[in-house]
Amino acid sequence: MILHILNRSPGGSLVYRDALASMGPDDRLLLIEDGVQGALPAQVRHFEPVLDRLFALREDLVSRGLEGRCDEAVQVVDVDGFVELTEEADKTVSWF
Amino acid sequence: MAQSDPPGELLVILRHAPHGSSWLREGLDAALVAAAFGQSVTLLFQGEGVMALLEGQDSGALGQKGTSATLEMLGMYDIESLYVDAAALARFGLTRDDLLLAAEPLEAADTPAILAAHPQVLVF
Amino acid sequence: MRYALLVQGAPYSQQASHSALRFAMALPERGHRLDSVFFYHDGVYNAARLAAPPQDEPHLPDAWRELHERHGTELLVCIASALRRGLLDEREAARHGKEGHSVEPPFELTGLGQLIELGRRCDRLVTFPP
Amino acid sequence: MAQSDPPGELLVILRHAPHGSSWLREGLDAALVAAAFGQSVTLLFQGEGVMALLEGQDSGALGQKGTSATLEMLGMYDIESLYVDAAALARFGLTRDDLLLAAEPLEAADTPAILAAHPQVLVF
Amino acid sequence: MILHILNRSPGGSLVYRDALASMGPDDRLLLIEDGVQGALPAQVRHFEPVLDRLFALREDLVSRGLEGRCDEAVQVVDVDGFVELTEEADKTVSWF
Amino acid sequence: MRYALLVQGAPYSQQASHSALRFAMALPERGHRLDSVFFYHDGVYNAARLAAPPQDEPHLPDAWRELHERHGTELLVCIASALRRGLLDEREAARHGKEGHSVEPPFELTGLGQLIELGRRCDRLVTFPP
């Protein structure tokens, strides 16, 4: 299982498409930095194929005023949860 | 309201979200300095830049200052002509009630006129 | 587990350095060891010894230095990326006939081979791009 | 051909075009160094990165070196496992005849397996 | 008349959409750097509304092997032509 | 006409500096004067005096210096952007208690107000973003 990390918003960059296309059936996707914009209900549809494996970093949501606006499908993790995701994965791949 | 004001001398288009990069802060700095130099400044929050207007922002995990405090100072600099990209708001599922400042929603069809009306346009 | 980080964003321009630091700080608490941080592309600017950010903003080069002092984490700076960007330690400054230097320990200029070696040696290599 | 080779140790995904930034060169440098250290390396040209493979590139207007000379040296480093994102090729209207190197077109459906097969993946 | 300058590929970034939405009926668009990818026949449709006012910088096409692959609707200019476009415009706006 | 350029990309990372230089070189041939180049955001790294790029690559800080010498073009570096990124001239180094400096003339550290002033004074301001 691979942890994919995405720091770009689907509202500005198309990299999310290639990230999704590169994900295997058990892989997980963590949204960080500007990527957490993708956790908004109006944006989360871009991540439809991996909604059950979609995470977002709490600190980045909080600093942007997005924590309470997150789609409920998104699993919010703090930085310890980020570390834990890297433990559980065989490797990580960062998309930008 | 912004629409009845005479067009300003400088239009600053803010296209980046807070925290992810320094673009938003640097764009706002340019706007504030221009205003301090006596120019009349218009701001347009476009694309991901609309995130700058979201209510409830905070400092970063390492204590990085955000930009919302700066936004609240715009009035003190007489920067009162604020537009927000209506299409981007819709794309992010946001409404005017989500915003910390009253910015006038700008339809795509009205955008070219705003650019044309300002002698100087900077994009950040 | 043994971790290594690859940092590729310029400090004060992109969030990458901040994100990497936060992640680095969380590792010991979960029982991991952060072996090394490798700075590549604009990430090498994290090693600028003269950085003078405003007092109310995080001082990133100092924060990296602290990480080194507290946990022995190596701070490895890609030498090819660094030289062209004006980041030289005393040795490289002498070798290039420049007066003055812009990088100092604990940051070490080193080859890209170290990154490959880290990928091999560590259990996890996490990249923080700009 | 790449498909029959055993999977390499390192997969380098190249997502940036030549000349616009240093990403492509820096990604190739990482691949070459890994190969020089004895690792078996696979390259995947993805998205705008497929532009790296285009025939007929030149140096920049100020004499900036491009990357096509480096690409031609891949064989000397025993980097022979080359994939190119088939969807990106199609999006840019390119075919294998436009490419300076023989890279195997990779369908989206086959991409996850390539990532899974390599212990290490770097994206540039 | 405004000269808009775009240095991003429509194959990776969505900024071209806002650039187009911001263009008046006489404004011109110049593709430079990675933006010249948009001059390929398969990409040029992204610029449909301004095809009669679409320019691309020759030097950036040449270094990328794209000069001979340009769509014929695109007007190719060298750096002197770039300067000339800035002379003819009231101002320039750079999108990234 | 009087031109000014705003350069916001780091040298050796993005094409912005190269594009700006090419444009700058073409201006005199069409009878224009390049008043000033203003470096902002990561563009300030163009002023790094210790840059040591490989011999077969353009030396960007030197190319800017040459432009200044040949045409009197001012090379203005945003001081706020520069300080946090470790770009200090001798005066700022002294003021911040740092030994050594990383920026030297003809590059000048200056306030953002200069950029606004350029927009006012020059006929054209062309931006080269990263």
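The first chain written gets the first letter, and so on, giving A, B, C, D, E and F; residue counts start at 1 in each chain.
The criterion applied here is as follows: contacts are C-beta pairs under 8 Å (C-beta built on N, C-alpha and C of every residue); 3 or more make two chains touch, one makes a residue touch a chain.
As the structure is a prediction and not an experimental result, all values here were calculated from the model.
When the partners of chain B are compared with those of chain E, the chains appearing in both lists are A, F.
Residue numbering at the chain C/chain F interface overlaps substantially, since over half of the positions present are found in both copies.
When chain centres are defined as mean Cα coordinates, B lies farthest from chain D. Put simply, the chain farthest from chain F by mean CA position is A. If you average the CA atoms of chain C and of chain F, the two centres end up 26 Å from each other. If you average the Cα atoms of chain A and of chain F, the two centres end up 38 Å apart. Centroids built from CA atoms put chain F at 27 Å from chain B. Residue positions of chain F touching 2 or more other chains, listed in rising order: 12-13, 15, 22, 41, 57, 125, 127, 129. Among the residues of chain E, those in touch with two or more other chains are 7, 11-12, 14-15, 33-34, 59, 79, 91, 93-96.
Of all residues in chain B, those that touch two or more other chains are 15, 19-22, 47, 60-61, 64, 120, 123. Which chains touch which is summed up as A-B, A-C, A-D, A-E, B-C, B-E, B-F, C-D, C-F, D-E, D-F, E-F. By the touch criterion stated above, chain A contacts chain B in their complex at residues 7, 9, 11-12, 33-34, 37, 40-43, 59-60, 62-66, 68-69, 79. By the touch rule above, chain F contacts chain E in their complex via residues 1, 3, 15-16, 19, 22-23, 25-27, 29-30, 32, 124-130.
Only residues 12-15, 18, 21-22, 56-58, 63 of chain C touch chain B when the two sit together in their complex. Interface residues of chain B facing chain F in the complex, by the touch rule stated above, are 10, 22-23, 26, 29-30, 33-34, 36-37, 39, 120, 122-123.
Those residues of chain F whose C-beta lies close enough to touch chain B in the complex are 6, 40-41, 80-81, 111-113, 115-117, 119-120, 125, 127, 129.
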